[in-house]
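This is the structure, below, for whatever I ask next.
For clarity, chains are labelled A, B, C and D in written order, and residue numbers in each chain start from 1.
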Amino acid sequence: DIEKQEFSRFPTKTGRRSLSRSISQSSTDSYSSAASYTDSSDDETSPRDKSQLNSKGSSDFCVKNIKQAEFGRREIEIAEQDMSALVSLRKRAHSEKPLAGAKIVGCTHITAQTAVRFTFFNNKLQSPDSSCSVFLMEMGCVSVFAWKGESEDDFWWCIDRCVTTEGWQPNMILDDGGDLTHWVYKKYSSVFKKIRGIVEESVTGVHRLYQLSKAGKLCVPAMNVNDSVTKQKFDNLYCCRESILDGLKRTTDVMFGGKQVVVCGYGEVGKGCSAALKALGAIVYVTEIDPICGLQACMDGFKVVKLNEVIRHVDVVITCTGNKNVVNRDQLDRMKNGSMVCNMGHSNTEIDVASLRTPELTWERVRPQVDHVIWPDGKRVILLAEGRLLNLSCSTVPTFVLSITATTQALALIELYNAPEGRYKQDVYLLPKKMDEYVASLHLATFDAHLTELTDEQAKYLGLNKNGPFKPNYYRYTSR
Amino acid sequence: DIEKQEFSRFPTKTGRRSLSRSISQSSTDSYSSAASYTDSSDDETSPRDKSQLNSKGSSDFCVKNIKQAEFGRREIEIAEQDMSALVSLRKRAHSEKPLAGAKIVGCTHITAQTAVRFTFFNNKLQSPDSSCSVFLMEMGCVSVFAWKGESEDDFWWCIDRCVTTEGWQPNMILDDGGDLTHWVYKKYSSVFKKIRGIVEESVTGVHRLYQLSKAGKLCVPAMNVNDSVTKQKFDNLYCCRESILDGLKRTTDVMFGGKQVVVCGYGEVGKGCSAALKALGAIVYVTEIDPICGLQACMDGFKVVKLNEVIRHVDVVITCTGNKNVVNRDQLDRMKNGSMVCNMGHSNTEIDVASLRTPELTWERVRPQVDHVIWPDGKRVILLAEGRLLNLSCSTVPTFVLSITATTQALALIELYNAPEGRYKQDVYLLPKKMDEYVASLHLATFDAHLTELTDEQAKYLGLNKNGPFKPNYYRYTSR
Amino acid sequence: DIEKQEFSRFPTKTGRRSLSRSISQSSTDSYSSAASYTDSSDDETSPRDKSQLNSKGSSDFCVKNIKQAEFGRREIEIAEQDMSALVSLRKRAHSEKPLAGAKIVGCTHITAQTAVRFTFFNNKLQSPDSSCSVFLMEMGCVSVFAWKGESEDDFWWCIDRCVTTEGWQPNMILDDGGDLTHWVYKKYSSVFKKIRGIVEESVTGVHRLYQLSKAGKLCVPAMNVNDSVTKQKFDNLYCCRESILDGLKRTTDVMFGGKQVVVCGYGEVGKGCSAALKALGAIVYVTEIDPICGLQACMDGFKVVKLNEVIRHVDVVITCTGNKNVVNRDQLDRMKNGSMVCNMGHSNTEIDVASLRTPELTWERVRPQVDHVIWPDGKRVILLAEGRLLNLSCSTVPTFVLSITATTQALALIELYNAPEGRYKQDVYLLPKKMDEYVASLHLATFDAHLTELTDEQAKYLGLNKNGPFKPNYYRYTSR
Amino acid sequence: DIEKQEFSRFPTKTGRRSLSRSISQSSTDSYSSAASYTDSSDDETSPRDKSQLNSKGSSDFCVKNIKQAEFGRREIEIAEQDMSALVSLRKRAHSEKPLAGAKIVGCTHITAQTAVRFTFFNNKLQSPDSSCSVFLMEMGCVSVFAWKGESEDDFWWCIDRCVTTEGWQPNMILDDGGDLTHWVYKKYSSVFKKIRGIVEESVTGVHRLYQLSKAGKLCVPAMNVNDSVTKQKFDNLYCCRESILDGLKRTTDVMFGGKQVVVCGYGEVGKGCSAALKALGAIVYVTEIDPICGLQACMDGFKVVKLNEVIRHVDVVITCTGNKNVVNRDQLDRMKNGSMVCNMGHSNTEIDVASLRTPELTWERVRPQVDHVIWPDGKRVILLAEGRLLNLSCSTVPTFVLSITATTQALALIELYNAPEGRYKQDVYLLPKKMDEYVASLHLATFDAHLTELTDEQAKYLGLNKNGPFKPNYYRYTSR
């Protein structure tokens, strides 16, 4: 029986499915892939009211327009060029079938790149020939319930539709933010108890899992892939190093050279942002609350200041803290004409945008994602993405980064699904270091990078297994 | 008499005018400003066949849609935020009127930023309230004949319409490429002889002027602003340092980190490109023909190679040479699957794109400006902008750079128009170093940069005038 | 009773003492401070056979020449300029006397900078007026038994003399390498059992402590200060970033620009070395065994290779692995004429130097620390410091780095000495994160760096104490 | 007759000679090669009063101690490892003998590296086997009159002894500073008139030549090799980029990371210094008088300030201006305790050191080249090299840089000596660009750099000769 042998059951027309969601911009941020630029359809009908069939006759999905599949196919083909690690893992999975029988329900962003991830779960899909979120249903490999511009209500409706399909019950959860986990936990506790594992990739979702665990209510093993070393480095340091430039440039055409910039927070995101801007000739100041990170900023050549010391003369303020009200109204009042402010951190409260919605200030939308907030004296401050995440709103996440994430998620699903009884208890785990290293090693081929192998003598001298793991769990992996 | 006092006569309805042209993409490259993203009108009527009036009742212009003025106004307002040097020079010009009586005919690209340049020529226009190329006519300050997508024939029709208006005869030429100069020189020699000066900003146009001069046929003083120090640094080094990143990212979402890149040519453009890519973690190789530039590349940490040594394993090939067939078919045949090739140099012949238009290769347009060229074995090479200039086709030129150019042009016009008899003969000149330094000093305010003044004693010791020029003409201004 | 109030008892003439040792070059590496350059005395008498008195009449020490005190005083004064954090902690300690009653026996390197550390232990010594290892005895604040060039036998003699003084018994151990701890543990177990704490700063010493602990034989709480975050960053990343340049330059006057360098190992040391060399224009290759570190190298712009791929054409080989035989004879045979090889790692076996001591190779010492190893065909390979640590042998450790270490050690001593019963058991501990952050914060003043303080609201939002610790224990502190 | 065929006449025992001078530190700066570290002889006899013979029996030289030859041989061997370009040119010269018959009198610094240059002039000396300045006489290839510590009087005595030897009259001058040229011009005008060419490498010497030329008194063709492109880049940008680090580190062991530094002047030297310091984590401010250079500093990411704005809080002040009194007493008074000041510019008047020699300030020499200047309140400012050039006083010039200079000088000598009648008139010339490019190409081999050759078609397209020169004379060779 094929159903039992393969992990890719869910996309068949019998109704097994997975939810994939592009979180709507009204509720939170979303990746603005190149695809979205063309998404200018004037069709105002709610997808919930549409009746669509994919080419295989299935109607078990809900998206805006199934006809965009061809465009999606191309986007995915482009994406796959830079996702050879995921593609090679997919190839291996298609022969070894480590997820046979798995029924995965997921809630995550969909772009060309994340779409590649879903092709992973279907061993018949080696050469996709339709497109992105749409292509996925069109191919029947995943059932998608999501569309751009969905309301809060739509969002929960989509989640519910995913879990409650007749004849299909999920046994794995792939979550990004914890909303899906929360919904299943609260509304379908009998389903929840039978889940074999949860894979969660977001800071917020992980936080919720730890809380659940502390409260003794987590009855399912969960894997925190957000803190995997390889994924972390790429999500934060390497990705933000590029997306800060991309996000600022696309929205404002600003020249970086000579600009005075203050980066609030010198964690991985702040490090990536300040390094990139400095490399392109900006003068960068850093604010920090933590003396160790502050000292790192000093040694990297950044003046560590309080925001108030520089707010009057900087050209750009970038928040990367995870904190709230890092830039407050008082400081916004003192910014100079033509200066800009944006957020690369974790939430949309780092800049106190709410404080700018007062009668004496005029907002003028000059481009998508770009508002001029105008003070009574004519001073303009340029606010990007209304304070939401710049890298998600105004830039694209490089395919390669998403390959890292997707590979990490896939390995976490495989690990949890196949782990012998007892290896994982009802707790939250980090991806085992060896699998973390495996994610990295799969991606080295892209760079034509050749690792050195330990000799037997050296391995013995170092007390290491020749195949890793090569570092203790607490190792810090400084980036430079 | 107002006419004699002001240099801004040309835009009035009496027919005085200036041509401003956005060179059509079919004939050559064009700046793709953000504005163009919205230029998706389905109106297929040729602008030549349209009858439009601006709000002042004038029909002495020819553009696609006069109604886009409001959008243009916003773009210009954004642009002016980063063009304070030009704005301050405009203010000074409006009071001193150094171009009173000048009738300037021009042929150049139009974007929000270049539009600001034209507001310069009108002393009534301190606070523009309509938009870009369209805004300019709408305001009646410049007569524009240009539209996106114009044919070769349209282009020359536009030029001709500019020069031949009844009751208005140009006495200055502002050119970019030499087409306008050539047209006037060939077709309207009596007009040409009365021109008081030509300001030319492009390599090609300057080359044509020197040829004319050598042939003894240049009967008008001309100023080569292309080789002004300040402008050069920004047009090439500083601009390309940013636009290579922007151009690659917008078209392909490529991650720079770890990519193997070969930069062909280590002049200013090549230096900018390789520095930026290296700064973001790419591994960069350089090819050179000149041993001095080759040695510079070595000292800057780049391996100097022949293209054939690396062509098989690089991810990106970037041409910056000014030469032709720098990447030939044989080399394109050897590039690896998924690699990309683009041009940052001076012409669209650096990559031998013509050689790729053969039956055995399939071209697939995957996005605007992005073609996959597919070999019979399935190998894909990603060609950007069909080998035309990436920085013009797929990136924006930062406003600040255009401010430098526009300020340089404006000062060149002022210098030529006001120079005492005999200062300039029938030859091609560089902008005097003192004015070159003035362009720079006007832009320092943006950076809150404070120059040091020489004491009398120091000036004497150095044998310099305290106000400059500070360097001999042959000084090289190494950038770092 | 003064004795009980002050922690600085040990240096008084009653015989309480501390051993400070400059480990001889014959047994292992030693800091080559500037001081050593002048140490060209021809006096061949063993210090053990000399009878010397300091100016206070004490003979309870053993050094080469007590008369070098004045030179040492100056070196210390220079050092203190860059050790303001330690000086400010010393000031606080002199008023709070947290080490009153402590009798510390130590075994560590002595330079001007480490000497400052010892002035810390004496509240009478706010303005030192003699010199370095010598100055310390001269002032009577520490009893030193050490000299440059001591034999293996001398070394153990010195250790023994420290522990066995009549009328004085140590209650704290400050060790660097574990030799002293081992000696006391083995030879004076009754003394060992009464020790209140051990502070160990070296990799090797820490390793030995963990082994002792595993074996259940560690009857004293010990603090591993080697792995303190602040100290680690400086010891490895920041220090090596500078000392690789300094070490290579001082020994060989090599120009870095354009040199091809292979850095073996991309841990913190390798990251520091490769970043610095790249920044100065070298072309750097990296070898790695760990895929995660290898991927980091890729993203930082380094080609990851096997040593054999590049050994024939590189100019410099630098080992930073902690491994052994990373460069073997076979590879040395293939290095090109004039190339150089050196070690920045953890031991002197990273380069298989022993394999070069064969009859067919000629060694020629061309300068101190610089050997030309000459192959039969005339090829010369330049070996630095005979494969010992370049940063210790041929460079100086910046004062600021030593201030970090010394501050960390002092706080560890204070913590262990004052901790309430039960806080520390018979085990090995890391410095509490809060004290780690305190070390960092003390050093921020040097950079005129201003930390931001959390508001109450923000602290609550983040779930943090306003005074730290600011990060969980597993936080990785990427450097950039 | 061999004597007439070879250009190496001067070193024979018949008395033909060349002067090579190590300018004494009392009169001006001198390279402090590693050799000088061992120069601790206590022999106080003036070399003028010594009678020495080299191994060939010649006494026609005057140096301190002919016995140091062996040490010099080693230094030269080390130097030759990094001077392969010069060595290959030497090889070619030894076969082609382009300087046959040339009798060169020179006045320049002697180090291991410059010694290699002199081996160039003797075709018998392919494998030098004695040492440096001393080795040169010992081998009889050059007659040297110079010693470390010579007085002003000694200096002129040495010059005179060089020119006035019986039976030998120079026909070429190789000068560095113009002293020798001036002496011959003033005292031996009949000799001067017969000189076939002068090669001058210093700013000062070139300045004097231009003055002589302006005054119509230069009756000999002279070549200004100081402004050769290749040499300039290395002397200034590339050399200073490394020597600023080396000079500061060797003298003060300062850690660069986080230090606040102001670099006065943003010419090539300032660019090199600020780039290097920034790369190692310093925070760098720049002062400038020239708006173009100021704008370059902005675009490179440096805040352009007036010295007074930052003098109170910077840790290091570095002058690179060529100007005088750039740092005056008033500013020195405001520097903070422990800050340091040094000079990388052109003269020893950039820092007003004279103003510090007042009674209320105490000078304390803490190390060679390092003075603490102590204010009445105890504040110490660290002055390096007494304000003389740090890169010459406290660092070494990399061998490779000296190879560039020596190769340039040699080619200039060859060009002047062999130029057909009339090519050079009685004026000052720059090295022809083609020879400048040749200098560069000879040095590319060191980097294993492979130039690309133009195809015939490309050369024609570009209007270039395939062998160069590749650039017009005014080309600026931006470095990055």
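Note that contacts are C-beta pairs under 8 Å (C-beta built on N, C-alpha and C of every residue); 3 or more make two chains touch, one makes a residue touch a chain.
Bear in mind the structure is a predicted one, so any value in this text is a computation, not a measurement.
**Student:** Which is it for copies chain A and chain D: same residues on both faces, with over half shared, or different residues?
**Tutor:** Over half shared, hence same.
**Student:** Where are there more C-beta contacts: C-D or B-C?
**Tutor:** Of C-D and B-C, more C-beta pairs in contact link C-D.
**Student:** Per the centroid of Cα atoms for each chain, what is the distance between chain C and chain D, given in Å?
**Tutor:** Taking the average C-alpha coordinate of chain C and of chain D, the gap between them is 38 Å.
**Student:** Take the average of all CA coordinates in chain B, do the same for chain C, and state the distance between these two points in whole angstrom.
**Tutor:** Here chain B and chain C have centroids separated by 57 Å.
**Student:** At least two partner chains per residue is the criterion; list those residues in chain C.
**Tutor:** Residue numbers touching two or more other chains: 238, 257-258, 260, 280-281, 298-300, 303, 447-449.
**Student:** Which of the residues in chain D end up touching chain C in this complex?
**Tutor:** 34, 74-75, 77-78, 81-82, 238, 241-242, 245-246, 249-250, 252-258, 260, 276, 279-281, 313, 337-338, 364, 366-367, 372, 380, 382, 396, 398-401, 446-449
**Student:** Which part of chain C faces chain A closely enough to touch in the complex?
**Tutor:** That would be residues 229-230, 232-234, 237-238, 267-268, 271, 275, 287-300, 303-307, 309, 322-325, 436-438, 440-441, 443-444, 447-455, 457-458, 461-462, 468, 470-471, 474, 476-480 of chain C.
**Student:** Help me check something: in the complex, which residues belonging to chain A touch chain D?
**Tutor:** It is residues 257-258, 260, 278, 280-283, 298-303 of chain A that touch chain D.
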